[in-house]
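What follows is a pair of complexes built around subunit A, which joins subunit B in one and subunit C in the other.
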Partner chain A sequence: MAAADTGRPLVKAAGDDIVSRGPSRDAGRHTPGKGPGGLRRALSTHWYAWTMVAPVVVVIGVIIGYPLLRGIYLSLTDANERNVERTIGVNTIDATYQYVGLDNYVEAITGSQFLGTLGWTVVWTVACVSITFGLGMGLANMLNRRIAGRGLYRVLLVLPWAVPGFVSVFAWRFLYNTDNGLLNKILAGGGIDAVPWLNDPTWAKFAVISVNVWLGIPFMMVALLGGLQSIPSEMYEAAEMDGATAWQRFRHITLPGLRPVSTTVILLSTIWTFNMFPVIFLLTRGGPGDATQILVTQAYKFSFEISPRDFAQSSTWGVLILVLLLIFAVFYRRVLRKQGEVW
Partner chain B sequence: MSTTTPVTTAPAKGTLVTGQSANVQRRARRSPLASFGLHATLVVASVVAVFPVLWVLLTSLKPAKYATTTDFVRETTLTNYTSLLSDTPFLTWFWNSLLIAGLSTVLGVFVAATTGYAISRFRFPGKRGLMWTLLITQMFPVAVLIVPIYNIMAKVGLLNQPMGLVITYLTISVPFCAWMMKGFFDGIPREIDESGQVDGLNPFGTFWRLVLPLAKPGIAVTAFYSFITAWGEVAYASAFLVGDENMTLAGGLQKFVNQYSSQWGPMAAASVLIAIPAGVFFVFAQRHLVAGMTAGATKG
Partner chain C sequence: MRRGIAATALVATLALAATACGGDSDGGQTKGKGGELAGEVTWWDTSTVGSEDKVFKKIAEDFKKKHPKVTVKYVNVPFGDAQNKFKNAAQAGTGAPDVIRAEVAWTPDFADLGYLAPLDGTAALKNQDDFLKQAAASTKYKDKTYAVPQVIDSMGVFYNKKMFKAAGVEVPKTIDELKTVSKKIKEKTGKTGMYLRGDDAYWFLSFLYGEGGDLVDAESKTVTVDNAAGVKAMNVVKDLVTSGAAKTDATDGFDNMQKAFKSGEVAMMINGPWAIADTYSGDQFTDKANLGIAPVPAGSAGQGAPQGGHNLAVYAGSKNLDASYAFVEYMSSPEVQAQVTKDLNLLPTRTSVYGQPDVAKNEIVGFFKPVVEKAVERPWIPETGSLFAPLVTEYTKVLTGQTAPEAGVKTTGESYRKLLKGWK
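What follows is the complex of A and B.
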């Protein structure tokens, strides 16, 4: 790879990589490029990399960046359906909403609704991620053994992933249906009263978590299976020679070997689950009452389902979601780094 | 070699470990009981994974009046399918979906591949920022983006156009796909790039002719992910598209659900038809899923 095209020679680039992780990572890294002509120099060395990432930067900048800024702005106002710019017939009514500072945030954080929803969202995220991870780990370990029909099991177990989300949610609604659903019919066969799967707050929570676990296991399993296959089998053989038990092998070889994969999938699935809109929305619409409402579905409800539609409140919740996840990601990364893990 | 106690007292699923040779071979030869337990667990898990979908398939083949019976098969019929195809613009929706998902896949894979390659191979100003952006992008809730994105699309005239949705879907799938592709390219030796350079290819030629073909498993996974994301997305599709002739399956079916909420039969038939293209894609991609995800997740 020629340095002229790619910025820097590889060896140097690798060295930079390590240095850049230190606290003073930006200090002096680009000193040669500073001063007049620096931009042109940077352009001539990095044009190729920049060209390659440009489409992503542009699309994300426009489609995510602008809405994000707009959301932050709206969260500082009292915008709702009645005072935003709107068109009635041929007349356009100008926006009349006003800047209210941090009032929305104060209201959200001191009110009980946000904290209550946040509480359930955390329970939902922790429950879904830990159960999915546990089961995914178990299944991945089983599939990693030499076993007859392994390919078939793998295809069957990954299947929920291949089914579009709203189709699977429909399938589950069908099974959960109180009067006609298969689950209750089976229970009735055993002489057990019908369970209001989606109509009782506690059962509904149980129901949404199980559907999300069902949906999430394939991703988890496939990722962990990949991780397992990258652990050299010599390590297991050596451990066995030394008399390690099955549990010891799992504890001291499998788990450390899976660390890189695990940390990434846990981070990703925490983010995804925290914002898992379709499952909750399509299965229960946040109901019964607001029992299964997580932050995202509630934010959606503010701007689409209540009257007048409350855009400011919705944006406030959206920004708070983002802040919470960011804090989580930074914290998570810091913990990993303390333990010597770097990514 | 050792015959220390941990081995013999190993609670290895009730194996009757008697001698040393049995110990060493244990991983290769499982006791019948352990083997049974393993298969039983996997069978149960597979049934749980497949059953909800299978049940929808079976229901779609029953006449409407038996839709909620517990029989697996009853008077098998295709009426649900024929009535679905004749009473709703199902085929129009289907083609719209296919167009949108197809475009999202092609563009998504291309963009994710170039981005992943750039992040994997080059050190350039803005790289760390870009990587954080890719992560943060996944954190911002869809529900809150809808209204502003709707406004943008309305302004640039992409509302009710397939391209508007394609661009929106790119923002959902590309960040994750780019991370996965980066992991993939990290696993391809840099010597390949260097040899391309020696042979006089420009960087883009190196990427396109040498590196990309080696990343096929990664591309398969990325394509699968992009396709599934676009194919099954509901919220944006129902917000951005109006009118029967522009709808995608996801959006159209939402209407259908509201109209025929108690008609499980046609709904089941629709679900099956929707699941088929995703299933076909899955069959092609699944061989690569494990390898593809590993690279992506490990080194992401």
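What follows is the complex of A and C.
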């Protein structure tokens, strides 16, 4: 859609250009009327638009389409490091992996590893999204009022977003260090024993969720703040006149007013958190053991950390992640539509 | 005007793409006039950053003195990442170094994947009989030589002599003694007895050997990690941590261990020669004599530490093979090995070097030489490098109380049988 819209004025401009500069093409430009049909006409009138869109289509095809298809294909084979094609200098070793049908999927779905990891991934996603949304909503409401230093607070709260993700995650890793980390030094000052932040499975889960919440709040807050500002203040005034309490105003004006924004940010945040690779990988590498391993980090482990690298298993998990997220998106959309939301 | 911009952009993009493609086509020249070596050799070193790397960088760059037309590009890749990084680069066919410092267990794995150039009959191998048999074993795969041994090592207990004196204890010879010593240290000094790495299963091996176990038995093609000895060894390490005799971490183990030992927070650690240069930089060891090294404590069935070390291997896709062979020969030559021993206390791999007076007088070498001779050799099969990934997950799980020792070794055994098809 967007491409066609923006294409229009360009086509006109280009057309004029051609007419004024190159009369010899005139003949070509008049033929479409008698031509075989719509496609050709579309091509001849919109050729400039198509040309402009082509690079994008090609690039998307190459960087998304090809890896996707290749991944799906690999998940149907037994490809690993030892049997894929490789070229070392002048020697080429041919691929010897074979098509194995749906074996990988059957193995993943019936085994305990995938389901176990999925369980924690769901807990992680739900916890992160709900806490981030809750806190983001609270902060947005606070910052929507006229309080002293509002601008400063807003800047400070957006800070986690401004710092590159890996830098802040590494900073957190130092803070969490059991013996030398700042957090435990502060606790020791209060007479509390050192907490094994990243060494105990339960604490590690708590630690990764906290960092992700910290990273996710700015986005939630900014998005919700925008939503809040689009709610007309007359509604609050009218409600106040009718004697509505603060909670009633929040419940019946703010929440419904935020609906279009909040549904979108929850969907986005769910997809991002479900696949939040850097936080888990850089903070715990999925450890201790595999206590904090989510689906993407485990898929990465299959194809980059174990030896021989299991490309087939890794792509199987990748495809399953995609399917799960698609199902979620469709389901979510349907629920919203039932509630009368146009989306 | 619009068109002008589009055309400029197109030209710019094409130009960029063209330069990007042409970026890595240099370094192809192997020989200058008259057969003289020329070009660039990239070496990926994995030595400890901040201490060992400076020495190796200098020695590597000194190669220019022998071959003025060859430039050595020294790159230090952290040991933990190097295996994966090399595999990525070697498989992709771009970005791989000419020479890599490959850990002994990686060598057969890389060779099996076809990433290494066979060295038999090249300039890389000189005076082959001079190499220690143990060191040379890991460089051979399917009757070919794929690497040259650079250093050999094993593990021992590093201890803080001052702290031991303050607590009035002697070096523990068995695991039971280790526990009583740790307890005494805690009582007298308030510090923890030992640091045990919980994020790397290599540190588990000496306990496994101490109980008479091993990961696998390559001769009878049997997975042995999950037998009674394996269970016992897992129980031993778990007990060390839960009883407070040792402390551990599930992340950043090496750094935390070095920091704790160097600052006197713990009195002992199990470590190898690669940590010596870094340990000497700590507050506690400004007087080098304060560092004591002893054999790893014995378990119920005996005493043993793994034999490790590093080899230098040449990437099969190197564009500068001849210079790479010469560089590998240089780095493993008696002169360079003696220099490395002098600067870093690392153990040479050539018999002749041990005879040199400087090396013979070196205390650390004097300690580790007999340890290495007795050290347990792992089977040099391609899968040896793959055995740690499944083990470390379970090892950490046991130490952090997520899995029982029996279940931990059982899961490890299952992964091994999946990996080693047809093994018992």
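Keep this in mind: the second predicted complex is superposed on the first by the 289 of 343 C-alpha atoms of A that agree within 3 Å, B and C clash if a C-alpha of one lies under 4 Å from a C-alpha of the other, contacts with A are read in each partner's own complex, and residues count from 1 in each chain.
Heads up, the rule we're going with is that contacts are C-beta pairs under 8 Å (C-beta built on N, C-alpha and C of every residue); 3 or more make two chains touch, one makes a residue touch a chain.
Here the structure is a predicted model, which is why all the values come from computation and not from measurement.
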| item | value |
| --- | --- |
| Side-by-side fit of subunit B and subunit C on subunit A, or clash | fit |
| First, second, both or neither for A:180, with subunit B first and subunit C second | both |
| Subunit B versus subunit C as contact partner of A:93, first or second or both or neither | second |
| Greater subunit A contact set [subunit C / subunit B] | B |
| Touching partner for A:81 - first (subunit B), second (subunit C), both, neither | second |
| Which superposed partner A:198 touches (first subunit B, second subunit C, both, neither) | second |
| Which superposed partner A:246 touches (first subunit B, second subunit C, both, neither) | first |
| First, second, both or neither for A:284, with subunit B first and subunit C second | second |
| First, second, both or neither for A:220, with subunit B first and subunit C second | neither |
| Touched partner set for A:165, first subunit B, second subunit C, both or neither | first |
| Smallest distance from any CA atom of subunit C to any CA atom of subunit B, in Å, after fitting | 5 |
| Common interface residues of subunit A - those touching subunit B in one complex and subunit C in the other | 10, 13, 17, 177, 180, 304 |
| Residue numbers on subunit C that touch subunit A, as the complex places them | 2-3, 83-84, 87-88, 90-91, 93, 109, 112-115, 117, 198-199, 248-252, 256, 259-260, 265, 315-319, 383, 385-386, 389-390, 393-394, 396-397, 399-403, 419 |
| Sites on subunit B touched by subunit A in the complex | 1-7, 9-13, 23-24, 26-28, 30, 35, 38-39, 41-42, 45-46, 48-50, 52-53, 55-56, 59, 68, 70, 111-112, 114-115, 117-119, 121-128, 130, 133-149, 152, 167-168, 170-171, 174-176, 178, 190, 193-194, 197, 202-204, 207, 228, 231-232, 234-235, 250, 253-254, 257, 264, 267-268, 271, 274-275, 278-279, 281-282, 286, 289-295, 297-300 |
| Subunit A residues within the subunit C interface of the complex | 10, 13, 17, 81-82, 84, 86-89, 91, 93, 173, 177-180, 198-201, 204, 284-285, 287-291, 304-309 |
| Interface residues, subunit A side, partner subunit B - complex | 1-2, 5-8, 10, 13, 16-17, 20, 25, 30, 42, 46, 48-50, 52-53, 55-57, 59-60, 62-64, 66-68, 70-71, 138-139, 142-143, 145-149, 153-168, 170-172, 174-175, 177, 180-182, 185-186, 189, 214, 217-219, 222-223, 225-227, 229-230, 236, 240-248, 260-261, 264-265, 268, 271-272, 275, 277-278, 281-282, 295-297, 299-300, 303-304, 311, 314-315, 317-318, 321-322, 325-326, 329, 343 |
